[in-house]
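Okay, so subunit A shows up in both of these, paired with subunit B first and subunit C after.
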Partner chain A sequence: MALSLVIGFSLAYITLLFLIAWWVDKRAEQGVSVVNNPYIYALSLAVYCTAWTFFGSVGRATTGGLSFLGVYLGPTLLAPLWYMLLRKMILISKHQRITSIADFISARYGKSTLLGVLVTLIAVLGIVPYISIQLKAVTFGINTLTHFGGGPVAAPASILLDAGFWVTVAMAIFTVIFGTRKLDPNERHEGLVAAVAFESIIKLVTFTAVGLFVTFGIYNGFGDIFTQATYRPDTAKMLTFESSGVTSFSWNVLMMLSLFAIILLPRQFHISVVENTSPRHIPKAMWVFPLYLLLINIFVLPIALAGKMMFDSGIHPDTYVLSLPLAKGAAWLALAAFIGGFSAATSMVVVEATALSIMFSNHIVVPLLIKTRSIGGNDLVNGAARLLDIRRISILLMLILAYWYQKSVGNTYDLVSVGLISFTAAAQLAPAVIGGLYWKRATHQGAVSGLVVGFLIWAFCLPLPSMAQAGIISNTFVTEGLFGIAFLKPYALFGMTGLDPITHAAFWSLFLNTWAYAIISVNTQPSMLSLTQADLFVNIHKYISGQEYDILKREAKIGDLKAVLNRFLGESRSLSLFNEYQQANGFLPDNQKIAQAELISFVETNLAGAIGAASARLVIDSVAKEEQITLDEVMRILEQTREAVQHSRIMETKNEELKVLTLQLTRANEQLKQLDRLKADFITTVTHELRTPVTSIKALSRIILDDYERLDDERRTAYLQIIVNESDRISRLINQVLDIEKLRSAEQLHSVDTVDLREIMLSTVAGMQQLFAERNVTCSLPHSGDAFLVKGDRDKLIQVMVNLLSNALKFCDPVSGNIKIELHIKGHFVLLRVQDNGKGIPMHARDMIFEQFTQLHSHEQGKPQGTGLGLFITKKIVEQHGGTIRVESEPGEGATFEVKLPLFEQ
Partner chain B sequence: MQISDSASKILVVDDEPNIVIALEYLLQREGYEVHKAYTGQEALDRLETITPDVVVLDVMMPGMDGFEVARRIRQMPALECTKIIFLTAKGTQRDKESGYASGAEYYMIKPFENEVFVSTVNEIMAYG
Partner chain C sequence: MSDDRSSQLIILFFAFVVLLNYPVLQIFDRKELWFGIPALYFYFFFIWLTLIVVVGLVVRKKRKS
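On to the complex of A and B.
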């Protein structure tokens, strides 16, 4: 077959793919998502079936019999678990705008830059061989079609004559055009997904066509092939498990590797998680995808048996899919089969290289550029365009590496063996991913340790020996062990023999990887951010159901955030994002204003979509200040669910209320106790004050009764007078006690009249004229004839006047007593001053005299007549009238009582 | 009725003049020589010059209270034989205990029965 025909067909096919992708992208721009469909999702997942499946399964079946099924049984077995595992990964990734498996692991362990780099390195080094076998398969296919029956193909004289080189170049162009057309914040490429899904159909249809041709065209159905196969020992062997040389242990390891690969291979993660349009597609994909795997494997064994029976060893079993139609003259079918294999290879390469380039640029190139201030600093270079360039260069780099690997190493191995090396590399990510999803305690250090240990063992046991075998490095460590230590032979590590290299490497790398991960995690403390991310990953349902925790308190200028977003996403995209945020949150950002944590998170998440979580974090850190998280916030994140938080908040409030109530009660109780003590004191004092006059009355009346005859008239009269006076004293006391009770129970005045204080004063003085005269006290009155009006209770104000005058009378100079009364108006107040010329009031007593039952005594004056309630009552009445009372006194110069009452102004 | 030839002396201490008047009458009627004081300090001053057989003491007085006066009396060697009667309106058990603790022999509560008061004083005078 002419080379031009093959190339022409391939180019036509690629053009068709472009058209599909272009149309789907166009529809997406119009708002119609063609790929938002569970069947397309399931078909796109079939990117899992690469040229390895298309060509390699047949090759594998010829040597390993049914063992080729292992890599398909793993994913099939895992399918029912998708609903849990894949759904959780999708939810987390949508929430965090995660764009790759490296991003996922980095984000889980505190948005770690180191982990991003590590996972990217493992992925790139692990997957390059896998890409290389796709190139090899296509090259193989072209050579088979063009040189069939023409003997072995000679090595090309120059690289420009090498078909593999041109295949690589074509793939690179194809990938660059598909994977880096635009920079999407979510890394969604609907056109790419549609093309991949279409290619999956082509793969299945062409492979099935070849299968039908072989089974029913060359032979007479399945029964015929299998019957004929049993007649030959080499083909009969292929029908049994035992003779395939695969132990049950390797079988299990194989299934486990493929089980991890289906979610951890960068392209699988990209298609199943990043490109996923809705988690609702998972249930359908759970049976469609396994069904696809079943269908594409049905004809593997018949084709392998037929090839083995028809050809000699001159034809490589990996090419049976093409060789069988060619041998039977069905050239067009062979060409169609080639297109199927080409589909398998291109879909794998395009998606894988795109996923790897995202990882490579986001986790290695961009952090480096940010650290060296090449982008994201103050220059205004268009970051979006530069990011795309970085992606393109990354893709070229991947493919050049793959080409180099295929040229130098890949030729010595069959497709499946090289593929499994990649599977084992991808499986190293399993502990960090699965532990990260379900084990909150897992730390960054644990993840780093596990990955490093797993990667080193993988590298030592698989790719290094293969490079040694290819003659690139010295072979001695393979045969002698590292540094000549027999325990360190890459195919018999720690003395373990009897396993094939893949099983052996997978066992040791995964075993020690998991242990390192678990033990280091348990013995290290996670960082703050790591904790919050751990909680988010493990309890993602809590976060998507409602509002997010406001975990990080950060501050940044809105202008800075805009500038950052402009640089990485471009002007229009960032503008529309800000508009979107504004519509959702309803505020107008002013560039100089400080953005809230919410907006910063929004910008970071969108930025993460373009450059990965760790890089986005670095960029945001450069413009945002982070506040320290308080301890109780950490406690909140770590140990309490949202409900518990709310509950404890309610309890806290209740507790606070209780504390306040208790305090109030304690205070009230204290006041009651104080009142009780006052009441008890009052009663004791009143009792004493009552008993004293009763004692005099009783004793003297008894004397009069008993000794009536013996007493002279003078004494009798004196005693009777005492009895009368003491009775008055009792009455007075009783009245005043009642007054106090009245004052206490009624804070407000009952009757309010306009009262002239001058009139009251004059009438009171007139009423007490007799008393003044008895004591030889003179009274000086103010001369003014004006009225001094106040609002108040006339009787009570009279009582005030009486009390003050009585008090003055009591303490006047006993020989030449004088009382001076003054009335003034000062501002809005009336001042009443009553001044005596007695001994004055000692300083210490001045506050006390207004308290109840306080009486002043002096040696000379003896016991004053009174109850000790007069001034107390006076003060209470004055206060009821909105006034104040105070006393001024100089020892030896008398005392002046001043009452200040509000003036009534018409 | 006079019990002793040389009239026995009694000091009455109370801040209520009317009660002092009544007590003076009652005791004079029995033939005692009555001295009067209206505050605690005044009582102590008087005791510098006289040595009464009995001191009738009020408790609640301005300045020094009766309990304090009693304690001071008990510290005066000259008054070793002087008996102290509290006559007070303070009538709780605790007040009584304070009274006895301060050195008094008797504790009577106001208002009192004239006969009971007089016979108490007479008994003290007769039997010591």
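On to the complex of A and C.
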């Protein structure tokens, strides 16, 4: 295939990408965000699939069997946690205007310049091998297309004849144009994201096309290809872990490395966090992205098997995706596949180099310039343009470094082996990032120690030996150990042998990195700024809705702040920012006035978007006098917040108590109302009871007065008798009401003596003998002559006896009445039983008779005698003495009242 | 932010960590073809698809309510 055809197609494809990016950016300027879509977000995340995936997976499958899948199963495994992890990272980053992974770590540990530099160095040095394999893949892609079947490609005579060099130059130009067109305070590049998403579709479609061609064109489907593979030992061993030499630990490490890579690789952080348009896209991306990974991996194994079965060792397995269509004469499919691989490589290089250049300029160059006063002061150089230039240069430098690495080291390794070196480097950021998100106690010193330890071990165990192998540095430290110490061999550190280099390096670097991070964190004190940042990162949800408490007290002239913003963001952008602030806060003091902390934070946050948090802090520090704030003060501010929380808790409990009190009051009120009603009833009843006899006395007296002459003696006597009776009734009633009042007012007995119930009974019966005789009622008394001693008020107990006896008298059989009195001792009680032989008490009335004003009516007996208070008073007196009263009755067989009083025992 | 959904997703994560690692993989690491597909390869893609579907369902279920 002609070289011009390949280049022509590639250029046409790049032009298409530019058109897409240009159109999307134009729409964005019009206020329409094309990339604000969960599917585009998920597709742009597929920047994860690079030339490594497109070409390298197949190559990896021929040596490591199914282990290539670990690189995709790791991210898939993490997908369920995105909802917490990625979301949190996005919220923090949007809140703090974080623009790179270095910025993120630096901001978490107190906006540290040192950490920014450190993470940038790890990222740049760690990712260079990864970029180099993209260049290599495109280069051999071109070579495969143009030289297929023509034998090995001769080494180029000069660098200008090397396809790799021109690929590097083209990539650099492409990246510069795409990634550094303008300086956006939020580092958002919608056009870039759209192009990446489009490239993801091209990758998937072309790779699947090759896969279908191989599986169903060359072979008869999956069954055919796999069955044939089992016949050959070299392909059969690719089908299981055991036969391809994948151990359980190396699989675990591979999964873990790729699980970290999906969030920690600078380009993944850039696409998934910095370029994210809304956290609402995460839920959909959580299943769409793993689905993409699944689809692009289906045909890897069939292609690898087919290549292995069809070709001799002369063709490198990394090129099977192109070689298979070419060998079968499908040149156009091969060209399409090349465009797919080209997409994979360019999208990776563009995003990665852009992300790295942001880090490089914000964390290394700008702090350096600020420190040396090259920017700042009264220098009126346009900072924005200068920043872009710095980024362009850093992109060029990184690509040159990658080209050099590929030429000198990369050629001796296959794609995936080199890529995994970068994965291991990126994983070094994991403790600092994940610890920083969930562990408040983690300190700046801990993060620095962890990163330094991890980075040194990584460098010692992976890139340095590979450079030694390539002959760049001396090989002795690999074979004999550093300084000749056998324990310090890079592939068998501390004597650990039997692991492949990646697993070995990943184990030691991550283990010691995490250990250093944790131990140093626990043993150091966080700075004040670090403390507030830690709280913000760990408890970001507290800050999203609520007010940020500003702990740093800073003062700066408004004019200075304006000058700083002008320099870094350009005049128009800074003017619009100040207008925005003025609108939000209603005022903006003139230039000579001192700005409040709030405005300074606003400027710093916006500046951070352009030059990173650490640099922004340095710049602001140069114009703002910062009042040194003591730890006590910080504690006080934090304490205030805590007090507020406690206070509200106390309020809650108080509220609960109030509710209970209110309930009690309501109940008491109900009781009072009830008592009031009872009292009213009582008075009504008493007056009624009084009126009845008064009425009859009045009526009869009037008759006697008016008709004295006409009445005979008998009549007159009868009337007078009634008047006397009724008067008795009235006085009785009044006495009893007085008794009740007395009983009510004195719940306890006044005079307590030892009294003999039997003596009381006998004297009462004696006093009432006349009444018994009148009614013709006989009275049978207990035979026993013993004393029945109780503690009590003698007069009151007599009253009980009188009441019981008169009650019995009232209800006795009118013809042959009999009252039976009994006294017993039962346990610690004296039982007094008074039995009559009247009609008895109906069942329904038994509970009522002890209530006040209960009178039993009956047809035969007509109007009841008595006041209805007797038994009520009796009951009250008995209760005062600590006893009980009850009634037994069978209708027609009389009633028995039983009083139970505590026996007085000497 | 629903705690329910978060817990469900964390449980899913740990379940799939077990499913996609040794010693469970040992069971499927055998020289057999299932439906014409190598057993381990078949297992990986089956679990993979299951994870996608389950995550999709968890995420979707909550959005409705």
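The rule we apply is simple: the second predicted complex is superposed on the first by the 630 of 906 C-alpha atoms of A that agree within 3 Å, B and C clash if a C-alpha of one lies under 4 Å from a C-alpha of the other, contacts with A are read in each partner's own complex, and residues count from 1 in each chain.
Keep in mind that, in the parts below, a contact is a pair of C-beta atoms (placed from the backbone, for glycine too) under 8 Å apart; a residue touches a chain by one contact, two chains touch by 3 or more.
Because the structure is a prediction, the values reported are computed rather than measured.
Asks: Considering only touches as defined above, state whether A:Ser696 meets subunit B (first), subunit C (second), both or neither.
Replies: In the superposed model, A:Ser696 contacts subunit B only, not subunit C.
Asks: A:Arg667 contacts which: subunit B (first), subunit C (second), both, neither?
Replies: A:Arg667: touches no partner chain.
Asks: First (subunit B), second (subunit C), both or neither: which does A:Lys371 touch?
Replies: Neither partner.
Asks: Tell me which touches more residues of subunit A here: subunit C or subunit B.
Replies: The larger set of subunit A residues in touch belongs to C.
Asks: Who does A:Lys742 touch here: subunit B (first), subunit C (second), both, or neither?
Replies: neither
Asks: Where does A:Ile298 make contact in the superposed view: on subunit B (first), on subunit C (second), on both, or on neither?
Replies: In the superposed model, A:Ile298 contacts subunit C only, not subunit B.
Asks: Once the shared chain is lined up, is A:Lys284 touching subunit B (first), subunit C (second), both, or neither of them?
Replies: A:Lys284: touches subunit C, not subunit B.
Asks: Does the superposition put A:Lys26 against subunit B (first), subunit C (second), both, or neither?
Replies: Touch partners of A:Lys26: none, neither subunit B nor subunit C.
Asks: In the overlaid three-chain picture, which partner chain does A:Glu726 touch, first (subunit B) or second (subunit C), both, or neither?
Replies: After superposing on A, A:Glu726 lies in contact with subunit B but is clear of subunit C.
Asks: Quick check on the superposed pair: does A:Asp707 touch subunit B, subunit C, both, or neither? Answer first, second, both or neither.
Replies: In the superposition, A:Asp707 touches subunit B alone.
Asks: Identify the overlap between the subunit B-contacting and the subunit C-contacting residues of subunit A.
Replies: Touching subunit B in the first complex and subunit C in the second, no residue of subunit A appears in both lists.
Asks: What residues on subunit B touch subunit A, complex-wise?
Replies: Residues of subunit B touching subunit A: 15-19, 21-23, 25-26, 29, 38-39, 41-42, 60, 62-63, 89-90, 110-114.
Asks: So in the complex, the part of subunit A that touches subunit C is made up of which residues?
Replies: 66, 69, 73, 76-81, 83-84, 221-224, 226-227, 230, 236, 239-243, 248, 251-252, 255, 283-284, 286-287, 290-291, 294, 298, 301, 541
Asks: Spell out the residues on subunit C that touch subunit A in their complex, using ranges where they run on.
Replies: Per the touch definition, subunit C meets subunit A at residues 1, 5-6, 9-10, 12-13, 16-17, 20-23, 25-26, 29-31, 33, 35-41, 44-45, 48-49, 51-53, 55-56, 58-59, 63.
Asks: Which residues of subunit A touch subunit B in their complex?
Replies: 687-688, 691-700, 702-703, 706-707, 715, 718-719, 722, 725-726, 855, 857, 859, 862-863
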